[in-house]
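What follows is a group of structures, each given as structure tokens.
The same subunit A turns up in both complexes below, where it pairs with subunit B and then with subunit C.
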Partner chain A sequence: MYNDLLHALPNVFALTNFIAVVIGVIAGIVVGAMPGLSATMAISVLVPFTFGLEPLVALGLMAGIYNGAMYGGAIPAVLLRIPGTPAAVATTFDGYPMAQRGEGGFALQVAVVSSSIGGIASAFALMLLAPPLSRVTLLFGPSEVFWVAVFGLASIIFLLGGNPVKGLISACFGVFVSVIGSDPIFGNDRFTFGRLEMLDGINIVILLVGLYALPPVIDLLETPLKTDGVNSSKLGTESIWKALPRMKSYWKTWLRGSLIGIWIGILPGAGGSMAAFMSYNEARRTSKTPETWGEGEPEGVAAAEVANNADTASALIPALTLGIPGTAVAAVMLGGLLVHGLQPGPMLFRDNPDIVFGFMWQFLFGAILLVLLGGSLATNSFARLLNLPRPLLGAVIIVLMLIGVYTIHGRMFDVYLMLGFGAIGWVMDRLKFPLPPVVLGLILGGFAEENLRLALRIGRGDPMILFQNTTSLILVALTIAVIVGPTLKRRYFDSRMKM
Partner chain B sequence: MKKTLAAVAVFLSATAAQAEYPEKPIEVIVGYSAGGGTDVMARTVAQFLEKELGDGASVVVKNMPGAGGQIGFTEVAKAAPDGYTLGTFNLPAALALTKDRDADYKVNSFTYLANFVEDPNTVVVAASSEFQSLGELLDAAKAEPGAITVGLSSLGGNDHFSANMIAAASGAEFTLVPFKGASMARTAIMGGHVAAGTMALSQTTSFGDDLRVLAVLADERSPFSPDVPTAKELGLDVEMSSLRGIVGPAGMDQAVAERLRAALSAVNENPEFQKMMADQGNPMVFMVGDDFAATSAAQDSVAAKIWEETPWK
Partner chain C sequence: MPESRKSRLTRPETLTALGIIVVAAGFLVPTSDLRAISALLPAVMLIGLIVLSSLLLLADQRRAGEGVPATPMTQSPKRVIGAFLLIVAYALATDFIGFYVSTAVTIPLVAWIFGYRSPLGLLIATVIVVGTIWAIFDFGMSQDFPTGRLLGR
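This part shows the complex of A and B:
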């Protein structure tokens, strides 16, 4: 197998194949940076066009876009507090406060270096460990996956801090949105009001754009003359070579975030935003100065960005070996492979080694190229946008949002839906309800429900099915630790103080 | 006089349509997203159909995913029957949707042009499973009704119908577990989370080392896996498959429909097309016109019967 890996390398450097990766990365950064346009969408638009392309050109474009977009989403997240992609939500926590302090340039550099490291780690996992890791995926049946979702929800609600009651209400709203559409087992309509458009549920991008992009845009339009008083229009960019030494101390966060991202990637369904949140939580929990997190701690940006890129290539492990994509983007890429007659499964590696392993190399090079292309080029040109008059910037973003949401399914209904969520988001923002739990509630709520119900069907209604094997029990223990851990820790410290 | 003129005009425009068809791009609506099995088939057919229609004809695939394909099927059924809107048609999925909800189309809302793919269902277990034959599996399901879990790609599809038909024919009772898609069901079988599955044959072929196919639900053995017996050989008269073809809206102009049928038949006879379809893992069964319509009507009554006996929602 490792022979095949080396054998595939020369092909990757064929001029057209290499240019495809470069173009892909640049396009990915641009797409990711535009609120409303996501990697999933860019690749689904691309798939039909790749029908006539050489496989490695098509796959190179896709690998580049995926890597580029996962970083690109950080650009508006840092500069405007608008996550460009669902996976960039956690990047806003510390990225935007940094930009307000005039350190936006450094925040973006941390983001690009971290993204690149995550992408490289993930590509290595895909190249070297795909077959054994796919066996890990097999361990996760419905009951195990249910516990993963519960663990994810618990860690978000209990660790994200802030007002837990408001957090819980936000999460419940997200879970409620996940209920809309046909139910995952019988296909009964729930809260669809007879609209076919609602049957498949609410697309995460519609919710994200509405909740996250509309309120800041309204702010931009509301304050035509205000330059928001702080330094967010200054980036304070310095050469990446000067910035790199400042990031030395993040290696632990990078390592942890990469492992979390790879792990989330090989589980079907959860995807980049969960990876970013979990990595952020873990990094903050182990930080010596957790109080600076959320106030503009560069390590927070590093934690989020390393993890959301670390699940890119690893999400393809179950996709290529089992045909079950780890993320929405991987699902679309699987379509791209199918178009070229590449059927997922163990045979794929035997029948088409040059293409499959070439594709893996392209992931690696895409991740490396990210530093070069994203570092100076993209960061500088996008930062210029901030010098635009604020109402103009707001108007440009609104147009992008409308186009982006419209193109998901090509229908106005989604646009109205997005505007509705925008109104809700604006109210929540004013009342200081946290938005991240809504996004995770939507992603993990549906995931938890579907798998709980499948597990119960397998157990013929007996809930003990949920506790029947080691993997489940480990996840239950982790969930309990997340919920009671902080309280126990506090008790322990209190009692020591008294002594 | 007026009537005659009108009739002449209609006649003229009809012949004109026949002579010039197609004078603008033909759209093929796919009710699923780009890159799925149906989409890939549509794009492959479109590519060859352009050549067969000749004269710079253009065939464009348009994806309208959503509601399990219903949005796309409805779009085709309601389109003008002028030959410029065609669609992919999936059996039994498209017709199952007309049973479990109020769909805006029926079995006779379409002009049946040609079917290309027929993918028979199977009974499959993990390679590590204790069940070596269909008989052993069914005996276990009879010994303890409901103890055997069967993973499906969804309720109301060919996997589900297969499981129900086997249960009815053998007297066994299964616990049905509808996953989201065949790959998820397959992974659950491979991981030992469910005991068996009824997925389509093409879903099993790449996983020969991990899966054991116990039976094919077709009237004869498949060239894709000639060692696997049919259910009929094993004493169970059950046939179920998923079909993919091309239809237009009902009431299409006869001449245009015949032109398309001829062109699609020519596509099917093209060895290059056959090779591409085989590479994509598609078992081919070509049916044109009335044969296709008859198969669809038969599938419709199967779906109606199952819905009546064991409604799934």
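This part shows the complex of A and C:
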């Protein structure tokens, strides 16, 4: 299978595919630098525009955006103490004090180099771990696939933290949306209410744009940006190549942060912010001068940024092999794959090796390009993006959302549907209902139903068919562990605290 | 101090839970017309939504009874409602009077209402955005946008 990986390499250097990664990285940095916008939102808005593109061009754009946005979030975090993305919160601790004493340029350079190293490590992890895992999953039959879907949903609901009841409501909503349309086996209509537009079901892009793009736009228009940031024109930037020797002592932090980020990325439900905090705390704990942390220690920026980029590609390991995304961005990227007819899961590696392995290479090159595009060339200019007026930005995103959704089928019905999902998404966002289970419910709902019904037909209606082999039982046990694990862990820590 | 009956029922989580219960119950009705195997998953999900929302409702009411204040969904409801209405109005305008006219009006209007008041900046931004959309989608990709039902085209 690693031969396929090497065979896919030349595809990445095809001009259009390469340009897509470059554009993606630049766009990602821009989006990440805008407080209130995120990689998830950018990819949601982008997906409908990629319909007519070759799969590797579309995936290159997504890989570039994901890599770029994770670094872009560091720009306002350093200059304004406002994390551009949630994963950049830990970057503010030392990045902002550095900017206050006129070292904002160096802080951004540490951030971009660390982000790039984290991204490269993550891409290698994806390349090394995903192929063997996919080979195992090729052995799965309908009942195992059904349990994989249940395990995926349970993971994202219970490991995401927060209120599990709200997580379950989100997942039920997503699965319910997945059954709207024609029944896959009997062909009768379900919940279409006579609308021809609903017969094919709800296109995932409509849901993604509504849930992930509309609420941030409302946020942009709702609150004016208030900052106490330093003047971004006084960054004190020197060439990144001159700054590199100052960073050579951070290699242990980069190594540790990369491993933490990769591990957190693989775990369903965790995410970049958790990786950044864990890496920051570990680096501080092992530092010889922990008292300087929080007051402008460049290694603190390195620790946070290397980890939040190291969870990017690794979050796709369970997503590509099992169809279980580790993060919200990975869930949206799964939607992007579906748009191009690529069903995440074991068959993806067998049927489309050029595309799936090419995608992995694009992640690697996206991470390398980060230093070239976000480093010496662009740090100063990207910092000025923060001056773009938020209301104008909001208005432009509204237009892009409408175009993206309208062009899927060329009908306004989809736009109205998207607005409905957007309103639901805004309420869910404000009441802290997690959004990833909705997307995963939509992706896995149909998949789970189809395989459940297939398994029941094989077993002639006997539900015990779902428990008749070792793999199914292991998956059931893992699902139960994921459901009860967090509660047991909390009780254990509570009892230790009381002692 | 426990909240009054009216304010307890207008807590955002309570209203949301009630809304989910009503809508899910409404969607349960058509499942009776489906074959049992077709209705299995949607019915389970809808019943799940009703049960889970009831739990959410009870938990929220218990908090209300303990005097825990509800977190407001927004600090500036007028701006949020205004933003939603403008977006819906833009979609309707696109449908009824056409895409380009609506877009050329919406971009400066939304930006102006929400605080960006530079006429030159608005003009430049509108021309760039509308021009780029036309060049990429209409000219480059032959993508047709709505021309407006009211205009009969």
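To be clear about the criterion, the second predicted complex is superposed on the first by the 279 of 499 C-alpha atoms of A that agree within 3 Å, B and C clash if a C-alpha of one lies under 4 Å from a C-alpha of the other, contacts with A are read in each partner's own complex, and residues count from 1 in each chain.
What we mean here is this: a contact is a pair of C-beta atoms (placed from the backbone, for glycine too) under 8 Å apart; a residue touches a chain by one contact, two chains touch by 3 or more.
Keep in mind the model is a prediction, meaning the values are calculated, not measured.
A.B. asks: In the overlay, answer first, second, both or neither for which of subunit B and subunit C A:P142 touches.
C.D. replies: In the superposed model, A:P142 contacts subunit B only, not subunit C.
A.B. asks: Which partner does A:M347 reach: the first (subunit B), the second (subunit C), both, or neither?
C.D. replies: It touches subunit B, and subunit C stays clear.
A.B. asks: Looking at the overlay, what does A:R430 touch: subunit B (first), subunit C (second), both, or neither?
C.D. replies: second
A.B. asks: A:R460 contacts which: subunit B (first), subunit C (second), both, neither?
C.D. replies: A:R460 sits against subunit B, while subunit C stays out of touch.
A.B. asks: In the overlay, answer first, second, both or neither for which of subunit B and subunit C A:G394 touches.
C.D. replies: After superposition on chain A, A:G394 lies in contact with subunit C alone.
A.B. asks: So, A:L221: does it touch subunit B (first), subunit C (second), both, or neither?
C.D. replies: second
A.B. asks: I'd like to know which partner A:H409 touches here: subunit B for first, subunit C for second, both or neither.
C.D. replies: first
A.B. asks: Can A:F186 be said to touch subunit B (first), subunit C (second), both, or neither?
C.D. replies: In the superposition, A:F186 touches subunit B and subunit C alike.
A.B. asks: Of all the subunit A residues, which ones make contact with subunit B and with subunit C?
C.D. replies: 185-186, 188, 410
A.B. asks: Can you tell me which positions in subunit A touch subunit C when the two form their complex?
C.D. replies: So the residues of subunit A touching subunit C come out as 52, 165-166, 168-169, 172-173, 175-176, 179, 183, 185-186, 188, 190-191, 214, 217-218, 221-224, 389-392, 394-396, 398-399, 402-403, 406-407, 410, 412, 415-416, 419, 422-423, 426-427, 430-431, 445, 448-449, 452-453, 456.
A.B. asks: Under the definition above, what is the set of subunit C residues touching subunit A in their complex?
C.D. replies: It is residues 12-13, 16, 20, 27, 30, 34-35, 37-38, 41-42, 45-46, 48-49, 52-53, 55-56, 59, 73-76, 79-80, 82-84, 87-88, 90-91, 94-95, 103, 106-116, 118, 121-122, 125, 129, 133, 137, 141, 143-146 of subunit C that touch subunit A.
A.B. asks: Report the residues of subunit B in contact with subunit A in the complex, numbered from low to high.
C.D. replies: Going by the criterion above, the answer is residues 33-37, 39-40, 43, 47, 61, 63-68, 70-71, 74, 100-101, 146, 149, 154-156, 175-184, 186-188, 190-194, 205-210, 276, 279-281, 312-313.
A.B. asks: How about subunit A: which of its residues touch subunit B in the complex?
C.D. replies: So the residues of subunit A in touch with subunit B come to 44, 47-48, 51, 137-142, 182, 184-189, 196-197, 199-200, 268, 318, 322-324, 332, 334-339, 341, 343-348, 409-410, 450, 454, 457-458, 460.
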